[in-house]
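Take a look at the structures below.
Below, subunit A partners subunit B and then partners subunit C, in two separate complexes.
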Partner chain A sequence: MAEAHDLKVIGTRPVRPDGVEKVTGRANFGADLQLPGMIHGKVLRSPYAHARIKSVDVSGALAMEGVLAAVSRSDFPEETDDLGRNVIARDKVLYHGHAVAAVAATTQLLAEQALDAIKVDYDVLAPVLSIDQAIADGATLVNEQMHTNGDASQPASNIAAITKFERGDPEKGFAEADVVVEGEFRVPMAHQGYIEPHACTATINEEGKITVWCSTQGHFDVRTQTAAILGTSISKIKVIASEIGGGFGGKLSVYLEPLAVKLSELSNRPVRMVMNREEVFRATGPTSATWCKAKVAAKKDGTITAATAWLAYEAGAFPGAPVGPGCMSVLAPYDLENFSIEGIDVLVNKPKVAAYRAPGAPQAMHAMECVIDDLARELGMDPIDLRLKNAADEGTQAPYGPKFPAIGLKACLEAAKAHPNYTAPVPEGCGRGVACGFWFNIGMQSSAEVLIREDGTVIINEGSPDIGGSRASMCLMAAETLGIPYDRINAHVADTESTGYCNMTGGSRTTFATGMAVVQACEDIIAQCKERAAMTWDIDADQVDWDDGQAVPKPGVNADVDPLSLADIARTWGRTGGPILGRASVNAQGAGAGFSVNWTDLAVDRETGKVDVKAYTAIQDAGRAIHPAYVEGQMQGGAAQGLGWALNEEYIYDDNGVMENAGFLDYRVPVASDLPMIDTQIVEVPNPTHPYGVRGVGETPITAPLAATSNAVRDALGFRVSELPMSPPRLLEAIDSQEG
Partner chain B sequence: MGDYAYAAPTSLEEALSVLESQANDGQRTQILAGGTDVLVQMRSVDKEPRTLVDIKHIAETNELSIGADEIFIGAAIPSAALNENDELKGLLPGLIEAADLIGSTQIQGRATIGGNLCNSSPAGDTIPALVVVSAVCVIASPGGSREVAVGDFVTGVGQNCLASNEILLGLKIPRPRNNSADAYLRFIPRTEMDIAVAGAGVALTLDDGGTCTSARVAIGAVAPTVRLVEAASAALVGTKVDDDALSAASAACSDAASPITDKRGTVEYRKKVVGVLCKRAGGIARDRASS
Partner chain C sequence: MSKLHVTTSVNGQPEEVLCEPHQSLLDVLRDELGLTGTKEGCSTGDCGACSVTLDGRLVCSCLVLAAEAEGKEVGTIEGVANPDGLHVLQQKFLEHAALQCGICTPGFIVAAKVLLERDPNPDETTIRYWLAGNLCRCTGYDKIIRAVQDAATELAHEA
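Right after this comes the complex of A and B.
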């Protein structure tokens, strides 16, 4: 792997190629496509959180002038999976806002009005609205056919699955300890907070070929999911990813696309569907509300002897809460002999959860990192020293099985201890809270094609929708590999028929795995260029080096020739075999775990319960920062989202399961003025499996802030508030009850 | 967004006649100032067709005058213009800070105090601030003009005493005397872009010795309409507006509040916080008046 000091382009901070179009409003997002004859689709949503559908009659809508199509469950194959049942309700509606029917009309207003003409007959059922309700004896069942872990010998249950990790003997560990601390924590449902609502346009031609334009994190997944829900072949569907206005995991599943295709088929028109903000809140996936118990024990010297965690996650209406990743993450920062972790995936009558940045990790790590903080207090140890004493390192076996290769946790902890923001005393009237973050990151499948123009400039075609500046990172890695300037390269997110298969942008995999494919495709180009040069010079290809963007004879090779640049080779490629294109595909392994340390200083107004965040610092191991500004941006963004979740964000439901705050006015993500400057420090412990040492950096940033914030509030108040968000009313109530 | 027509009359007569003629045709009209409430409502809750009558091109609604006895703020003047007027800010710091709380810089480029008042939300930030400085609404009606004290203008949640053929021209405010000042504070969980959970305005006059000779205290977002809290004013008059007096005023505000529990806060929380705001705003007004 290249050493940092050998790198010329990687680690610089050029302007992103998509930046100007975005700031000038020229970029096309999901809702921006206009097609001739295009009409507008809207969804009729369930007014109940739980009800059996007796009948759906769309004829009233169809009778309206200007309404060109209407669909309901009967227009889709009966055999379908959970995703299909989420896109259009079948026998039951399972949450308030669940799609029941859809119409397409010549104007959006008309489509909205037509929804009122659809008749749905419901048998209303009692909703299940919390983990406590769902797991209580005799609970109403969200899905009468569901058995825990698929075990049909047991009675049906709202618990979809139980996950367990265990090692050693926790009981023995607790018995040996000098100090034992435990706690119980609640974290609310939270929305990813992407600004762009879900949007798509679909059209189908006379041959049945479907084209979908949409805002997505994975257009290949849109193709697979849409084909499955429609009961058609993926070969019939082409998906074009628009620019994306945020996703954070929320744009990995389809909601509208199959409906839009069906409406297009029935109306013979292109159909655009755009959710409003309320629909985004009511009907698309947030992340799980959780109830977690954590317990940890240590010797007087700080050696942790045992830890246990019990994690209960709301899945929403279908199985699939991210409790597995929660279990994987909860103790990942620690090198432990004795632990047990149990997680349960619980159905409730709320929207089906979706991924949200390090799905499942923030909630679980919040519980454990709070308890670790309490342990440091009990032991009278600095919270970073306690973590250093027990930190996972190269060779530590992760709680979920594999041994860590080189990881950066200790480097982050040491950097934190030495950081001026940490050595500085806690400001008067403030509390300080520290926490560790972790995400395992993933690799998976990516393809890349590198095309050379006849002037030697370069096009990268790849299939990873660019959410965080990945095109810039691809260009940087290609520039470094090819030895040419960054501005001679364009990266392009190609549609599903213009590049090889590619998994979604998620799991912090894009810069790692798609980057690996791009680097390998560039190496393919270099190999071909060497052959062309060898042909030109009449020597063997293995006598040619690629040096600083040019083919040169190897030292000692007797050839009196001028070096050949990519442009030189392109200019004469007609004589050496024709155009040059490179390609590579990977199923990338060894993504390399990401660790972080965060701390914050904040003050609590004891008369109003309001928290004022004064300072925030995030330190994270990036493996290698390809574009450091974008790594810092990820760290700052994760901190901002985490602070919002810790302090104000929550889904508020009434007793009927209707969300009361379905908009950004009352679902309070932080605004810029709520946040201090979020200081960042990138640590670089290169990931041995990536050619430039990259680790995923997109998700780790949100895993520490909840606990760092909780721990700081604990420090400021002198007692712990174990339920998030620590909104002003909740904190004031806690303060008042403490003061009696 | 629903269908709408748009009229931009350039005189008051024309504006009144558009309102009148549309009404005679059985058409709905709605006055448009900055549109920061209207446009949001048209896109979300109320998509029925209407004619928007823009009042920004009328001389009277753009008038801003600071006289020896009276200040007049035209109904079409955006908050940003008020915030940038140092003389006004010096005279009515509390009212201007209330206007400066609305939305964000972008919103304030459009939002007006008149619109805030006519929207008549219980949480409208400028309303308590207007009440404590004894602002009076100047209203143009087909028959001439009439005046209504701000405290009497708002009649319920989203309701006020304007008829559909009337226009608020602006607000008339007595010029504060020496040693007088106002202050307004609201509580929101964020720092901006939010709706008041509670708000409190205080205006005071001190004598040369620092004793309060008159006081007005009003609270917002804790009842269907703004409340002028006489008991809080009484707790301040005759005192040096010290901690004891402020605590008494604070308690009076908590007592006078009759909020609801909703997603933005509980009854207990709002009662408590409105008192805290009164205490703090009172302290600020006192310091301003004595400086």
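Right after this comes the complex of A and C.
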């Protein structure tokens, strides 16, 4: 692997290739496409959280002038999976906002009005609205066919799955301890809160060829999912990813695309569908509300002897809460002999949860990092020292099995101890809270093609939607590998028919895995350029080196020739075999876990319950920061999302399962005046499996802030508040009950 | 429903549009005039993605009826760059990596431009409060604030 001091462009901060388009309003996002003859689709959504659908009649809508198509469950193949049942309800509606029918009309307003003309006959059922309700004896079943872990010998249950990790003898560990600390924590449902609502446009031609433009984290997945839900072949569908206005995991699954295609088929027009913000809240996104118990024990010197965690996650209406990753993450920062972790995936009548940045980890780590903080307090130890004493390191066996290769947790903790923001005393009237963060990161499949223009400039074609500057990272890695200037390279997110298969932008995999494919495709270019140079010079290809962007004869090779640049080789490629293009594909392994340490100083107004975040510092191991400004941006954005979740954000439901705050006014995400500058420090412990040492950086940033904030509030108030968000009313209530 | 005839000016260009009485300025800009640089994040005035100026005043175009633009000057993100290049704010947003996904960026630049026209030397708190109507979910605002501060400094030097 290249050493940091050998790198010329990696680690610099150039302007992103798609930047000008995005600061001038030229960039086309999901809702920006206009096509001739295009009409507008809208979705009719369930007014009930749980009901059986007796009938759906769209004829009233179809009778309206200007309404060109209407669809309901009967327009889709009966055989379908959970995703299909989420896109359009079948026998039951399972949450308030569940799609029941859709129409397309010549104007947006007309489409909205036509929804009123659709008749749906419901048999209303009691909704299941919390984990406590769902797992109680005799609970109403969200899905009568659901058996825990698929075991049909057991009665049907709202618990879809149970996950367990165990090692050593926790009982013995607790018995040996000098101090035992435990706690129980609730974290509310939260939404990813991307600013761009879901949007797509679909069209189908006379031979059944479908084209979909949409805002997505993975257009190849849109192709797979849409084909499955429509019962057609992926070879009939081309998906073009628009620019994407945020996703954070929430734009991995289709919601609108199959409906838009069907409406287009029936109307013979291109159909655009755009959700409004209320629909985004009610029908997409959220991550699990959770109820977690954590317990940890230690010797007087701080050595942790045992830990246990019980994690219950709401999945929403279909199985698949991110409780597995929660179990993987909850104790990942620690090197432990004795632990047990159990997680349950619980169905409730709420929207199907979607991935949200390090899905599942923030909630579980909130519980454990709070308990670790309490342990430090009990032991009278500095919270960073306690973590350093027990920190996972290279060779530690992760709770979920594999041994960690080189990881940066200790480096982050040491950097935190030495950081001026940590050595500085806690400001008067403030509390300080520390927490560790973790995400395992993923690799998966990516392809890249590198095309050379006749003038030697370079185009990268790849399939990872650019959600936060990944084109810049690809260009930097290509520039470094090829040895040419950054501004001679452009990166292009190609559609499903213009580049090789690529998994989604998610799991912090893009810079790692797609980056790996880009580097290998550039190496392919270099190999070909060496051959072309050898042909030109009439020597063997293995007598040619690639040095600083040029082909040169190897030292000692007797050839009196001038070096050949990419441009030189391109100029004469007609004589050496024609145009040059490089390609590579990977199923990348060894993503390399990402660890972080965060702390915040904050004050609590005891009169109003309002928290004022005075300072926030995030330290994270990036392996190697390709474009440090975008790495810092991930750390800052994750911190802000975590602070929002800790302090204000939550889904508020009434007794009927209707979300009461489905808008940005009442679902309050942090605004600029809520936050301080977010200080960052990037630690670089290179990931041995990536050519430049990259680890994913996108998810880890949201895994520490919940606990860091909770721990700071604990420090400020002198007692712990175990339920998030710590919004003014909740804190005021907690303060009153303490003082009362 | 009969359409309204609205005569307005967008980025200095006279425009005439036929619109429905209920249509927002945002919808008319995007759907009738094809100016899709102005974004819709909520249509309830809570996100600022649709920020434009109306006679120089910063507004959420989702909360303004298109008919209200009659006889007024509308300024959108498409009018921010000069013929000779990007506006300093646009340049600073790029240099500071003040955008990740970029959906909020047009709104922030339009809003920040109005701020700097009124207060060429705002402190951090002023910037944060002025931009509190613009949501960004990606950046945590840090780099946005720095970009605006840097743009203010550069504009002061130019002046």
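Criterion: the second predicted complex is superposed on the first by the 740 of 740 C-alpha atoms of A that agree within 3 Å, B and C clash if a C-alpha of one lies under 4 Å from a C-alpha of the other, contacts with A are read in each partner's own complex, and residues count from 1 in each chain.
Rule of thumb we're sticking to: a contact is a pair of C-beta atoms (placed from the backbone, for glycine too) under 8 Å apart; a residue touches a chain by one contact, two chains touch by 3 or more.
Keep in mind the model is a prediction, meaning the values are calculated, not measured.
**Q** Between subunit B (first) and subunit C (second), which does A:L665 come into contact with in this model arrangement: first, second, both, or neither?
**A** A:L665 contacts both subunit B and subunit C.
**Q** Counting only touches as set out at the top, which of subunit B and subunit C does A:Q34 meet: first, second, both, neither?
**A** second
**Q** Among the partners subunit B and subunit C, which is in contact with a greater number of residues of subunit A?
**A** The partner that reaches more residues of subunit A in the superposed model: C.
**Q** So, A:P705: does it touch subunit B (first), subunit C (second), both, or neither?
**A** So A:P705 meets neither subunit B nor subunit C here.
**Q** Going by the contact rule set out at the top, does A:G696 touch subunit B (first), subunit C (second), both, or neither?
**A** Neither partner.
**Q** Quick check for you: in the superposed arrangement, does A:P197 touch first (subunit B), second (subunit C), both or neither?
**A** second
**Q** Can A:P729 be said to touch subunit B (first), subunit C (second), both, or neither?
**A** first
**Q** With both complexes superposed on chain A, which partner does A:S673 reach: first (subunit B), second (subunit C), both or neither?
**A** The answer is both, since A:S673 touches subunit B and subunit C.
**Q** For A:L109, is the partner it touches subunit B (first), subunit C (second), both, or none of the two (neither)?
**A** Both subunit B and subunit C are touched by A:L109.
**Q** Classify the contacts of A:G245 with the two partner chains as first (subunit B alone), second (subunit C alone), both, or neither.
**A** Second partner only, subunit C.
**Q** Quick check on the output: what are the common subunit A residues between the subunit B footprint and the subunit C footprint?
**A** Comparing the two interfaces on subunit A, one with subunit B and one with subunit C, the shared residues are 109, 276, 665, 670-671, 673-674.
**Q** Considering only the defined contacts, which subunit C positions touch subunit A in the complex?
**A** 20, 22, 27, 30-31, 34-44, 46-47, 49, 76-78, 80-81, 86, 90, 93-97, 99-106, 109, 124-125, 127-129, 131-145
**Q** In the complex, go through subunit A and note every residue touching subunit B.
**A** 109, 112, 276, 607-610, 647-648, 652, 660-661, 665-666, 668, 670-671, 673-674, 727-729, 732-733
**Q** How about subunit A: which of its residues touch subunit C in the complex?
**A** 13, 15-16, 18-20, 22-29, 31-32, 34, 108-109, 192-197, 243-248, 274, 276-277, 467-469, 627, 629-630, 632-634, 636-641, 663-665, 669-675, 677-678
**Q** Residue numbers of subunit B touching subunit A in their complex, please.
**A** Of all residues in subunit B, those touching subunit A are 1-3, 44, 47, 104, 187, 189-195, 197, 262-266, 268-269, 272-273, 276.
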